[in-house]
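In what comes next, chain A is part of two complexes: it sits with chain B in the first one and with chain C in the second one.
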Partner chain A sequence: MSVSAIGTGAAAILARERWEARRRWSRAALAYLVMLLFSLVFLGPLLFAALSSVKTDPLAYPPKLLSPQLSPANWAAAASLGRQGAGAPLWGGFAPGAAVTFELTYFVPDGLTAEAPSANVPRRRPGGGLGAVQRITYAADYAEVGDVVEVARRAADGGELVTYRVQVGYPGAGPTIDRLPLDVQSPSREQRFVSSTLPPTRLERLGLVASYETITPGALGYLLGNYRRVFTEARSVTTGQSLFLRWTSNTFVYAFFRVLITLAIATTAGYALARLRFPGRNLVFLLVLFAQMVPTQVLFVSNYLVLRDGIWGLSSLWGQATLLNGLPGLLFVTALNAGPVFIMKQFFESLPREVEESAMIDGAGYWSRFSRIVLPMARPALGALVILAFQGAWNDFFWPLVILTTPEDVKTLPIGLLTFRNVYGNSGDWGLILAGAILSALPVIVLFVVFQRYFMEGVSYGGGKE
Partner chain B sequence: MRRSGRELLPALLFLLPFLAVLVVFFVYASARAVYFSFTDYDLFNAPAWVGLENYRALFRDDNFLYALRNSLVFAAVVTTVQTAGALVTASALNRRVRGMTFFRSAFYMPAVTSSVVITLIFLWLFQRLGGVNYLLTAVARNAPAIGAFVLITVIAQTLQVWGERRRWRGAAAGSKRAVAALDPALLVVSLLVAAGATTVLGLLGHLAPRGTEAIAINWLQTRQEVPAGAPFPLRAPLPLVAIMVQNAFTTIPTFMLMFLAALQDVPRSYYEAAALDGANAAQQFFHITIPSLQPVIFLVVSLGLIGTLQMFDQVAIFGSAVPLQSVITLAYFVYNRMFPGAQLPEVGFASAAAMFLAALTLAIVLLQRTVLRAEGDR
Partner chain C sequence: MRRLFTAAMVALLAAIGTAGAQTIVRVQGYGGQDPAIVQRLIDEVIGADLAAQGITINYEPIETDYNTVLVNSLSAGTAGDVFYVPGETAPGFIATGKLLALEDLVDTSAFIDTLNAVFSKDGHVYGIAKDFNTLAVFYNEDLFDAAGVAYPNADDDWTSFADKLARVAALDPGVYGACIAADTARLGAFAFANGWTTFGADGGVDLTSPAFAEAFDFYSGLVTSGAAAQPADLGAGWPGDCLAREQAAVAIEGAWILGFLRDNAPNLQYGATFLPKSPTTGLSGNYLYTVAWAVNADSKVRDAAVKVLEALTSPAAQQFILEQGLAIPSRKELADNPYFSQDSAEARANKVVFEGASHGNVYGFQFGTIGTDYMGPINNALTAVMTGSVGSGAALSQAQSDLTALLQRAAP
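Moving on to the complex of A and B:
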């Protein structure tokens, strides 16, 4: 070890300081890089699914992030076509008196004579699944396809680009129809499809036929076609109401009452366990702990039977022979939620006793001490409880699956989505499933963005789903 | 005990709603499940006592053996992956930087959405022409570029660290401060150099994507199990692997946040002192982070085991898209025997399986506690 000179020592300190500053900056930069990568990983599937939910076919290979549905130019074209079809630039349609002008451009190589393609309105059902079995009105029965005429021609590399125009009219009277499908067949493979007013839904027979699900979608109808199908295609057998709307309102009602019940039970039971002394208190607390650990599968056999018989006939008092296939049964069985009781007990124990004791000296009874003093102090914990209970109910899967089976009208959203998956998944019609999934996730995501703090508190209580 | 008697009545009134639910839907239900598990019962004829027959029959049932194997493999793999993943990501993110709240919410987003939504999205991603296979294909095709980037980063970092160490030894003799292998200041330079070099090589045409065929693994409609050569209890069917990926993906953020919350309580000075003594990142991780988080690791592993052993939702959602034996778990086995579609429900048999699941969960959680505690005491 040699003793360094004072001058070099000072220089070394300066160098060291610059080095440290550089390290701090680099560390921050790397931290942001890592966090961005993680966000991409964790949010990636959700965002990718959201982007893909507007595609006609989310299984198109190779998958792309952006689809024609996301291009503003196409929205403008779709709006104008919607206006021509039904005077509805937003949601489109095909109404009596409509005259829709649609243009397609083909590439004709040198040495080939351009020929007009042939156009027809096919009798085609919307997508797979429920759309394939419904009774629908076909646009084909009312539409009149005019002659395909050439409107423009310009030179291109190695040939010509020829644009044709076809007019589809709705003469006479009739119903307004949602969709106006169109198939346009090129006279030969060499005369290649290039573009059209709206991009085709798919090119069939090796590019020979440009096929359109509807040529009058309207701007929103074009962008949110799958979302619209979520609401319109699945309808109740008995009332004809949109099933998805029904499931959504069921879920809201279920979540609302579940929040109320959770609040009522968790605060009263939590208070009693935290503050009151009585024989058997430890036993009750032990049961609370056990109830959190025992698998639902152990309880569901008996609980299913109890609900089937209307809690030993109790439910016949209000005219229900069975509690299956209804919200009351679901609310009864999910009221057994020991987690919130545990949380509230812990919270009440953390409150200072003094305030309550002074109220007791003033002669306040148990109930007024609870409702006037303790509950107002518990507001932050109650907020977290409301959010967790809402989220729990909104995402609840097992009990609704067991209890809400028939008819489709009684289901909640998660179980309804399962119906969608069973009906549409097997025919590969994923656009509608993804759209339904994204829609059903929205309320909780909005709630999460607004009340993040409460969700994070929920995490610190050890909550959080698998 | 004078007070305890006096408060009995108000306590009962306060507890009444909860106790009613607890007694009917928990105590009575548990007792009945125990009773049913010793009987032969199909919901239509009265239960007939059969003793231990149901429990014996469990181990002769193919689907039960598949369910048991799947549950155990699933719990072992997912609990390990999610705990390790959450721990590593948490310590990587344990920084005080602006905008942390935003990132935390971003990570937590998959955990607030319902299991149905996430599982449906993954079911779609795991289709034969889905996003997962596409990603694998993209990685395989761009292997030259990725490999070059990694290789150049490693070389640049090694050279820099070597140079710095030599320089420090010369300039500030006696300084204990060594340059860490992953020193951030040098790593940023290495990454930039690698990115630049890879881009240049790519532009020069040296890193053209390989023309490998598109990877089209059949994740769902298959009975294939991995790893292929392993004995039955150690293999996992491919569809179950898909569920493992999905599950780890949704649980890692939740557990990571629990670790992050706990890490905030670990004094910074520990790390600073360790850094002064020349401890590198890995040493800090194993000697400070892990011991300080012992209680939370406990909690996370317990929650993880309970959650994974009782996995049900994903199996029900995958449903007909996969062969039943490839994904069936104990929890789903119980449900399946209670509602077997066209056949008669086997309530007794289902209850026996449910009791087995409860006992297994309890045993594994207790075992885990003993093992982890012993590790912690060492």
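Moving on to the complex of A and C:
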């Protein structure tokens, strides 16, 4: 009786433990599921944008996750074509002496005689975007298209699959050309296009024409064609330099100086407000708080006018009639920011006073206490500040939009992306815009992954506001 | 050493001298492609001549909403010396008195009269059209061939046009006769064909008149009958997109569609023809879309600004823009340009768009001082009828009362 009672008791405890274990597991599973769902909701669009940025037509409907650009078999074909076109398996091109062999397979139904399709290299000028405005070299002026010949034939369900080969050569001398476009037209819609060395960019005229943007892309040129265009196509009209590179370097310079100025002002002012006793200290602090409460939009017209006139003509002392359209003016309005001062003041106040008092006993003045004791102790807060200031500068949109308008070379990335949208959005060229957006997001993503810990601390110090 | 110093001083003084002789003319215009176009114009066509006169152009593109920025900068006194004025907002800008009257400074007779009319008020011309567009019927020849239907042509009236579209739509459930948006910027052209005008003789708007109601029923009927679809229903952003993807056989657009087709459907076999005629009047109608160069009345470098405007609209500049396939010129003399008689679908379409300006009842795409707000109530009515939520009579009387209220609020 008692043994069995103990047995039942033990069994009950075991059952309960198992039940609790199951409950723990199911709770953990639920928590993970919820987190997975959240990350999918938040990261899904980014992931989809990244996948779409390699597509020829990111707007293709219905949307697909994968595109021909992501298939390794196509990379291999693109590399081999790039080698034939310009001896460049990675980035492709069309150079003198090239001999490119391209194959296409058609389905010929029973009762129809297979006929060779016609191929030509079109003289195609870009219709939209900056490409439409620039002078370009046409592959059509140098390419020589050979006869289209049948090379293989095999039986298929209800007909035959016939493969044709076309050779495109570059006799004589001339420049190396980025793209070698090709159009291949089937003799009839019944003789249906099935496949080719590289998938066509688009099938047009109800399947009659297979059209290729370039048949010598090279592996990377094929996968990252849009990314390459971001750098090569968007060029400054005045200097001919890549606009995107220019915008990126502008943004780096802007972010660097803004971080520097923010650090210098926030630490010194924060320390002074936290530790120094001087008349009007509370008033200064109130002003700092007040400055933080006024929205930028309220001040921007007056600030704009001040910058336009070069701070009441002051800037003409160093030869600038206006501070618009330049980094100094941008830094002048954005780097002087009350938020970081407030964060640093709060942080310095949280440091134990005793540490500084002991340094004072050793004869340290304000400056050496600040630079030797307090600053090293403030490293986590400084890290957070650096990251938030960098991120803020990198993504800053409002002030650069107002201040940096002309020429294109002075812009920062977010404004540059707006230009891209205006130039390429109208022509439906979203691949290039997405590629630019992904590229501009990369530095902040890398920064986040590397300095995750500081980000979290920064948010907890600053309450999310930079 | 001293000689070197003197030489350096002379060089410096010379540099300052030439820099001082240059007049800088600030030019404001659209962002996007335009900075590159203007730069090429300066580099290749007009720059050397202006430089010889000591004039430098400083182009300032506006990437955000152009009209808002122009209103702000005109009132703040920061606007450029020369700037774009879009036709649809021109009456509002002219009313501010900030645009310089140009009829005595520039030979306006060289430009197409209907274009001058868009920028005129009380006998004064306030802008010189830099280029223009009209609407045309762009059609996919393959789809018409597959359906065994004759291509749309200049003799079509609304009935025969709608019939052709319906027969193409019957070809395949995935294919529509046309792709049309709920947009006053298209419907208005059909109402013009019927003799309707944007504002009546008394300055009011009459949307319930038979002339407008007939056009409204024809246009919305294309969608409700299933012959046409709206772009959004086909997953497209605009009608040009449907045409490029071969989902619709017809799109009613201007020459701006050509560059898009070149990129997105380079092998599309398309043609272009005039808009179909109204069965009542036997005429077609059309909108003139145009943007002008105007001179700031407050400009401190007015003479130089006028010279820049003349250079930007000179025959050489317009010839260059036309031959690059970027826009259609506003000068009368360029009607006989060899470009228009080239044997390409693009040149033929450009010719139809160019001639559209003088074909039937053509009026500027503009709506008095209230600007494009005018289109809101009519667009809403079109959307409501096209989606089948209201009948056209109720939708039109709603639009009429909304628009009347809008005009009353805007009246001084």
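To be clear about the criterion, the second predicted complex is superposed on the first by the 443 of 466 C-alpha atoms of A that agree within 3 Å, B and C clash if a C-alpha of one lies under 4 Å from a C-alpha of the other, contacts with A are read in each partner's own complex, and residues count from 1 in each chain.
As a convention for this text, a contact is a pair of C-beta atoms (placed from the backbone, for glycine too) under 8 Å apart; a residue touches a chain by one contact, two chains touch by 3 or more.
The structure displayed is predicted, hence computed values, not measured ones.
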Side-by-side fit of chain B and chain C on chain A, or clash: clash
When both partners are placed on the shared chain, which of chain B and chain C touches more of chain A: B
First, second, both or neither for A:276, with chain B first and chain C second: first
Touching partner for A:61 - first (chain B), second (chain C), both, neither: both
Chain B versus chain C as contact partner of A:444, first or second or both or neither: first
Contacts of A:183 with chain B and chain C, given as first, second, both or neither: second
Touched partner set for A:299, first chain B, second chain C, both or neither: first
First, second, both or neither for A:30, with chain B first and chain C second: first
Chain B versus chain C as contact partner of A:209, first or second or both or neither: second
Touched partner set for A:404, first chain B, second chain C, both or neither: neither
Touching partner for A:426 - first (chain B), second (chain C), both, neither: both
Chain B and chain C contact sites that coincide on chain A, given as residue numbers: 59, 61-62, 301, 305, 401, 418, 422, 426
Chain A partner contacts - residues on chain B that touch it in the complex: 3-5, 7-8, 10-12, 14-15, 17-19, 21-22, 24-30, 32-33, 36, 43, 89, 92-93, 95, 97, 99, 101, 103-118, 120-125, 127, 129-131, 134, 171-174, 183-188, 214, 247, 249-255, 257-258, 261, 299, 303, 306-308, 310-313, 316-317, 319-321, 330-331, 334-335, 338-339, 347, 350-351, 353-355, 357-358, 361-362
Complex interface listing, chain A residues touching chain B: 1-2, 4, 8, 12, 15-16, 19, 22-23, 25-32, 34-35, 38-39, 42-43, 45-46, 48-49, 52, 58-63, 264-265, 268-269, 271-273, 276-279, 281, 284, 287-288, 290-291, 293-306, 311, 332-333, 335-336, 338, 341, 366-367, 370, 391, 394-395, 397-398, 401-402, 413-414, 417-418, 421-422, 425-426, 430, 433-434, 437-438, 440-441, 444-445, 448-449, 452, 455-456, 459-460, 462, 464-466
Contact set on chain C toward chain A in their complex: 31-33, 35-37, 39-40, 43, 58-64, 76, 78, 142-143, 146, 235-237, 241, 244, 246, 258-269, 324-326
Partner chain C, residues of chain A touching it in the complex: 57, 59, 61-62, 122, 124-130, 132-134, 183, 185, 202, 204-206, 208-209, 211, 237-238, 301, 305, 308, 401, 405-408, 415, 418-419, 422-423, 426-429
